[in-house]
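The chains carry the letters A, B, C and D, assigned in the order they are written, with residues numbered from 1 in each.
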Amino acid sequence: MLLRHTPKEIKERKALMINPAKTCQPIGAMYAALGIKGCLPHSHGSQGCCAYHRSTLTRHYKEPVSAATSSFTEGASVFGGQANLIQAIDNIFTVYEPEAIAVHTTCLSETIGDDLPQIFDKARKDGKVPEGKTVLGAPTPSYVGSHVTGFSNMVKAMAALAEPSTKKNGKINIIPGWVEPSDMEEIKRLCAMLGAEITMFPDTSGVLDGPLTGKYKMFPDGGCTVSDIKASGSSIGTLALGEWCSADAARLLDTKCKVPCSILDMPFGLKATDRFIDVLRTVAGASVPDEIVKERGKLVDMISDMHQYFYGKKVALVGDPDQLISMTEFLVSIDMQPVHIVTGTPGKKFEKCITEIAEEAGITINVKAAGDMFLLHQWIKNEPVDIIIGNTYCKYIARDEDLPFVRWGFPILDRQGHQHFPTVGYKGGLRLLEQILNALLDRKDRDDPEEKFELVL
Amino acid sequence: MGKAHKLVQWDPHNVKEKLLEKYPAKVARKRAKQIMVNEAMENSTPEIVANVRTIPGIITMRGCTYAGCKGVIMGPTSDIVNLVHGPIGCSFYAWLTRRNQTDAKNDTDSNYITYCMSTDMQDSDIIFGGEKKLEAAIQEAYDIFHPKAIAVFATCPVGLIGDDIHAVAKKMREKFGDCNVFAFSCEGYKGVSQSAGHHIANNQVFTHVVGKSDTEKSGKFKINLLGEYNIGGDGFEIDRILEKCGITNISTFSGNATYDKFASANQADLSCVMCHRSINYVADMLETKYGIPWIKVNFIGAEATAKSLRKIARYFDDQELIDQVEKVIEEEMPAVTKTLEEVYPRTKGKTAMLFVGGSRAHHYQELFNELGIKTISAGYEFAHRDDYEGREILPSLKVDADSRNIEEIHVEADPQLYRPRKTEEELAALEKAGVDFKSYEGLNPMMPDNTLVIDDLNQYEAEKLVALMKPDLFCAGIKEKYSIQKLGVPMKQLHSYDSGGPYAGFKGAVNFYLEIDRLVNSKVWKYMKAPWQEKPELSATYVWE
Amino acid sequence: MLLRHTPKEIKERKALMINPAKTCQPIGAMYAALGIKGCLPHSHGSQGCCAYHRSTLTRHYKEPVSAATSSFTEGASVFGGQANLIQAIDNIFTVYEPEAIAVHTTCLSETIGDDLPQIFDKARKDGKVPEGKTVLGAPTPSYVGSHVTGFSNMVKAMAALAEPSTKKNGKINIIPGWVEPSDMEEIKRLCAMLGAEITMFPDTSGVLDGPLTGKYKMFPDGGCTVSDIKASGSSIGTLALGEWCSADAARLLDTKCKVPCSILDMPFGLKATDRFIDVLRTVAGASVPDEIVKERGKLVDMISDMHQYFYGKKVALVGDPDQLISMTEFLVSIDMQPVHIVTGTPGKKFEKCITEIAEEAGITINVKAAGDMFLLHQWIKNEPVDIIIGNTYCKYIARDEDLPFVRWGFPILDRQGHQHFPTVGYKGGLRLLEQILNALLDRKDRDDPEEKFELVL
Amino acid sequence: MGKAHKLVQWDPHNVKEKLLEKYPAKVARKRAKQIMVNEAMENSTPEIVANVRTIPGIITMRGCTYAGCKGVIMGPTSDIVNLVHGPIGCSFYAWLTRRNQTDAKNDTDSNYITYCMSTDMQDSDIIFGGEKKLEAAIQEAYDIFHPKAIAVFATCPVGLIGDDIHAVAKKMREKFGDCNVFAFSCEGYKGVSQSAGHHIANNQVFTHVVGKSDTEKSGKFKINLLGEYNIGGDGFEIDRILEKCGITNISTFSGNATYDKFASANQADLSCVMCHRSINYVADMLETKYGIPWIKVNFIGAEATAKSLRKIARYFDDQELIDQVEKVIEEEMPAVTKTLEEVYPRTKGKTAMLFVGGSRAHHYQELFNELGIKTISAGYEFAHRDDYEGREILPSLKVDADSRNIEEIHVEADPQLYRPRKTEEELAALEKAGVDFKSYEGLNPMMPDNTLVIDDLNQYEAEKLVALMKPDLFCAGIKEKYSIQKLGVPMKQLHSYDSGGPYAGFKGAVNFYLEIDRLVNSKVWKYMKAPWQEKPELSATYVWE
């Protein structure tokens, strides 16, 4: 057994986290920052953080991930990191020539109390920030929230770049939240089909799903431009996808630029996508084109065609709040039965959302925020499931418990496809169904006794 | 990269200039000292600056002290509970991300390598201190797992807020009695790279574990293998060979290590050092405190493996062992030669660059030489000058501020356990016979003339270097892999191999030959241009069937 | 064992086919006919044929498949099927009101020598074919060729509808061959991106991948209209994808309407897609847009990222000639090693094509046309492989020999996705890579000893 | 389909009119006779026309004679090599496409169900005749598999070109000696549906196999189970129950059948007929030739199963058996009742339509009744009038041209083996006691008044029927499944279930209850409209947060 020391009996833990279902803020901030065109993320802390975040993102995307660090030494930790950061800004603009630098803090710089705005001012005064270039920053203390919080904080820092304006440009801001490049691409495709003019940030499509051409671009073609982000203050409204990932930024746009917002669930699955499209067509004053209706119909069709294999199957889920909420709703809507759900991100609100879905469906779900995968595994030992859905770390549970496993979420370190094929929208729903189905049917084909081995499923 | 481009001529000094030209003056000056053209100079060898601070904002390959301590040295251990005291990230990122293998054979054996444990510090802990939480976490770990030992690692904020992790460790150790609890002050901001973390790990393991075993280890030829981390199973292959030779490996630092193996290290009669950079401290301390001599070995490369085995045999000076070693080499080499002959025609004449670790950029040149591949540029990520220029320059090294912060522990001969394994005469004789004790010659002597030795190569220089010198293969780490491959140059990870292995020993050599053959001869590198990019012109009239 | 009677030792068989890698012509004709808008396929034979073809297509697509039959009785078999067919035409146009009826023959009607053109004339004379409606027919004797031949014959019958014209309309005809609806969709998308105006027939997209909406359309919105097919005689040229599926129709367009043609491999995999795009941009006089170049680059990127898992893996393949040729080229191009390839469709030319690819790659491949899956299985027993790629029937071999299995080809009766996600083009190539990779890596994760179980792949 | 639509009122005669209105006159006239309103008429029961030709061009649910012979009857056998003589298609389509299960338990048992064998006729065979190829194919099959028996099936062209498959079969049978080879002239154009194929299969199995076994079959209460094809394991469940009751099933025709079981059928003391349509010929012949009486049974539905078991017990007239049967029923029913009570509230009051086979449209109404689901329309795909109106009308049936072509074999009492199992008196007594021999009442009596009984329902009528009568569930075959579901009505396959099963016996009833609950209560049917289709209006100003 790989996780041979995990006992079935559950003891409450107050201090020890085992096999986390979250990581720290800065990596989220780094991922978000990569969604700005020509932006170099910068980690204000000791160099290890940056190395770890780059490695994890690189393994997830199998793509180069560039980011700089202030490389704190013991001295800097005592006397403050201003000198390091200003030197870094100078070096970065000189050597890499990005359009923008997106700085996020770390537990280190937060603990010693470095003040980014003040350091940025100094850098500008010292002429270290070339004309027309942008420096933005987000406080991302690792000891608060999770990687999701860090993502949200950096997106909020983007929103802070927005410039108030009295005349609207007719556009709609879309804050997609922490989804894959392929998902962002898909969201743009749906908006375009609907004829909605949008500004989407962050946008990692074209950044972390790059081609192999013999050229290396440290700053790929993708991403939302700083000027578009600035102009987002002139939009008619903001659709924020995911309370945890996107709401803060949307609300800042509201308070700062009077751009009203709507917080929606991430468009995973049929119903959440329905709501997204319905709101989008309403605010865009457009009617939904047949093509989208058809895509929707295909998703409903596959649910009905394969319903006998989904029906009543028990699921264990681990991931991030916004994704899990939509996924849970989707699973319930196809008559599957989520029974254990864990996120590492804190927040009772998450447990409330899941419980509401469960109650509406008349089922009970074990749910925990600020939980860990050790607990999830123990829950599974106590009430077995038919399939587990989550990031790559689930594979250890899946192998020990001999469970079908669908990789979904972050990080996925051992398979390809997530960066190329969306799981948002109706088409994404088709892919999710296909993946769940393959996992369940592969297992059926493996376990069916010979006389029940089926040609037609 | 089409063959067409392969004949580019370059002069190392020009290349060096090009690497520096874009830097701000201050940066350029600093980097100039870390980029060395390997060339003969009259009565002096070229110097290189190493183990100095990373430049803020310059995208580095380096990691931190915590990574060196927890990730590299302690990570590979199997039956020690590694508990990280700090916010969740540091523990998460070091969770199974290095391909250290552990074979806790039967299910009753303890193996915690698949577990990630942390105190997950929250803001309240930062404000009010985290000692209470650490204490509670240790208690919970003990209650759930009942391990032999619990190792506690500090991350950045811990030092800053002044948690006394050693006091907490001591308190719990005494409370449990049957579980050794010890701590590492390996905050990420210490030192200038992972290297500081190695040193800290060495010190604590030596202080708290080595010599603590009371079980007598048997074996006629007992060694320790220092600085081998069992990435991709390297250590398994080396152990297979040692066993076949009749040599007993008491303790590997730290691949597939167990608490008891560490604790018994003092019972070996020879320490063999693989990665000099990360572990030479332990080698020295084992000699000082227990009288165990150490030699540098290298099991990367078939020839190097044979050489190392012979060296060990010679040390023990036992004809039976010497014969057995020769017998083993004879048995193992044919398979190696067979594969080599098969791939050599396809690999010979290719060029490579290596920028890894504290010894791999050196060791792997053995394998590349066997393949007929020339290393045109190499360097370390976190090495010190002695790893380049050899230990003989150690005396001349000055300790800078960053190194001074890393504790140097003072050890002396153990009143009970110190036992010189050889007399002065024997040692001298062996030295004469070529068994060079406490010696490491470093990377530079191995590099061909007019190649570039570069310390702490960064992303910008790497890209330039490849563009200018167009190697057939580049070796570094995961962070560098894809930016290099985007340029159409295959990239092999040599810290924690991206896949494959083992590459150590005889079987490892075979694996490596095949892997390199695959990389440099993969068809994919021919596909970077589409046909319409090769021939953009539109033939006025298309020729239909 | 499911195939417990399959011996390792291979005896030559002259008369007995066991576990075929083909079926008969009519089903191909039926599938092709579904690619004409508003067309009802009609099987001129006894009703069993039609029932079998509809069942198989329905199980493959999980979609309604309408087709009529002449329901031969013993009497009709003796006196000829004219009366039945004319009555059928009358009933069909009266009850179902299709735009067209596409009749294909069967072994029965061919054996008794029914003459479709003559029967059609009679039907027209008798006024059974309403004004403006079309009746077309293809001879598809089941005892000649295979389902591929039948597909080709019906497509040729479509080409026969084309009307010669002196003035060209600037369009390009694309005959996609027997690919999935999703593939046809993808081919259209690529052409549109390239700005090439095309007429594609047959086109089953929108026909066999329909939505669930509460309405049933016997004739869905998809398909190539009869008028477009007629106008294909005015096109500047024809690109026929696949010698076996599409060449005859293309050549007929050439001889009949002087529309020149090019026969290309089906665009599966990198190189075949490269050739398709290159020819298309040439005949369309267009330059290839960045978007396509990017899609291509992503495919090359994934090949390089995951090459270590493809390299040297041995593959057994079964399917149809056009698909197998492109797939073999693709597998070789990513350094995989096809070792056994079987098609049930006769034709030494197929063996020649495969052998050429093998020789160019310096490998040897066991290849057989007019072969069967019994032989393929025996080959595998004699030289084991790492993975098998083919239709659903491979699952019996896969389970007995414990092989990773990628479903690709026709029919796929036990999984979903093929009708929604293309495998042609660069995006299709990404999907193929993902599927092969999942199959190989799932096996690795299953079989790796615990100490070698990998988090990162 | 939203609940709103569920209260539609319909009158069966209106519905019938609507079904017919679009047809050409000739078609309308013909179909009118096959669409029957089930209603009381003074001193006569309504008649229905069945087993008549399918109308060319009218999309039918029917298959062909080959399908009935090879697909339905012979397909489920395990150790007989089924070799199809003809072009490849017919053999391919019948390859594992019905969910007949066979449990050749140990790997040494013969099981050819996964194999598809054909002579793959080519044009040359059509022109010059296929006998030589057939002979060679039989030889190759014999050489590779050495089976107990090889069954040869003719497809359309075979009859036309005049291959004498029976002569070839005879020749090879005699040549082999240890392998029984026999053939079926089941060309697809014969008859009007699968039904003719059943008849042909019955005749040949009876002629060539039944009575050929010399091994004595033991058992106190020996029966044959006729017309059960082990779709989804139905037969396994029935066998489980029979065994539990102490009843020995000598031979099932033909689910999970083996050559030897067929051959021993004559040793049973009672034939129990499940699917009357497909197998009643064998039942009659077994009685005439061997003196085995037959009764109609039905193991679809828990109550029906209990009833059938009691009937069998009563026939054997053995108190021990009667008690055991009651004991078994008592043991099995609680699980059934428990599930039923759980789902009944969700299924009660729903409506269903069944258009399947020659008995399932009848048998499955037992299960629907148990679920409180009303069958508002039903009919068969390939039945004869007696399957609707009961066997008592058989004498009044005229044999039409199509039926006349199907061989009626004449059997008489076997000089050696004929043995009346009961005396005339016993039979009479049993009849009185309610054991109705050779009797089948048909579908109509089971149908509620004013429901529609429709023979050979076609695609067009099915769609109309659903649109007009809006059932909650429709049952037919795979060809119909998705056109019905597109209308938002769940569709359950009842020939070869699309999935699930067994549905026979007690466990089967439980499975079916749950399956129907799933189908009629699946959430998916609520999703057919998107929100913007439910509420298309654009709220002038969107209410932001």
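One rule holds in what follows: a contact is a pair of C-beta atoms (placed from the backbone, for glycine too) under 8 Å apart; a residue touches a chain by one contact, two chains touch by 3 or more.
Not measured: the values here are computed from a predicted model.
Chemist: Which of the two pairs, B-C or A-B, is linked by more C-beta contacts?
Modeler: Looking at contacts between chains, A-B has the larger number.
Chemist: Cα centroid separation between subunit A and subunit C, in whole Å?
Modeler: Chain centres of subunit A and subunit C, defined by C-alpha means, are spaced 39 Å apart.
Chemist: What is the distance, in whole Å, between the centres of subunit B and subunit D, each centre taken as the mean of its C-alpha atoms?
Modeler: Averaging C-alpha atoms per chain gives centres 71 Å apart.
Chemist: Starting from the mean Cα coordinates of subunit B and subunit C, work out the distance between those two points in Å.
Modeler: Result: the chain centres lie 54 Å from each other.
Chemist: Using mean CA coordinates as chain centres, what's the gap between subunit A and subunit B in Å?
Modeler: About 34 Å, centre to centre.
Chemist: Would you mind listing the residues of subunit A that make contact with two or more other chains?
Modeler: Correct list: 1-2, 59, 62, 210, 212-213, 293, 296-297, 300, 303-305, 393, 396, 450, 454-457.
Chemist: What are the residue numbers in subunit D that touch two or more other chains?
Modeler: 95-97, 482, 485, 524, 528
Chemist: In graph terms, with chains as vertices and touches as edges, which category applies: line, ring, star, complete, or other?
Modeler: Chain contacts: none of line, ring, star or complete; other.
Chemist: Quick one: which bits of subunit B touch subunit A in the complex? Just the residue numbers, please.
Modeler: For this pair, the touching residues of subunit B are 1, 22-24, 27, 53-67, 83, 86-97, 107, 110-112, 114-123, 125-126, 133-137, 139-141, 143-145, 155-157, 159-161, 187-193, 401-402, 405, 459-460, 463, 477-479, 481-488, 524, 528-529.
Chemist: Contact residues on subunit C for subunit B in the complex?
Modeler: 237, 254, 260-263, 270, 274-275, 277-279, 281-283, 285, 287-288, 293, 296, 300, 303-305, 307-309, 311-312, 333-335, 450-452, 454-457
Chemist: Can you name the residues of subunit A that touch subunit C in the complex?
Modeler: Within the complex, subunit A touches subunit C at residues 1-2, 59, 62, 206, 209-213, 293-298, 300-306, 392-393, 395-396, 399, 413-417, 420-421, 427, 430-431, 433-434, 437-438, 441-442, 445-446, 450, 453-457.
Chemist: Under the stated contact criterion, what part of subunit B meets subunit C in this complex?
Modeler: It comes out as residues 95-97, 99, 101-103, 233, 482, 485, 490, 498-500, 515, 518, 522-525, 527-528, 530-533, 536, 538-539, 542, 544-545.
Chemist: State the interface residues of subunit C toward subunit D in the complex, per the touch definition above.
Modeler: Going through subunit C, the ones touching subunit D are 1-5, 7, 11, 13-20, 22-27, 42, 45-49, 51-56, 58-59, 62-77, 84-85, 87-92, 94-96, 106-108, 111-112, 141-144, 146, 210, 212-218, 344, 374, 393, 396.
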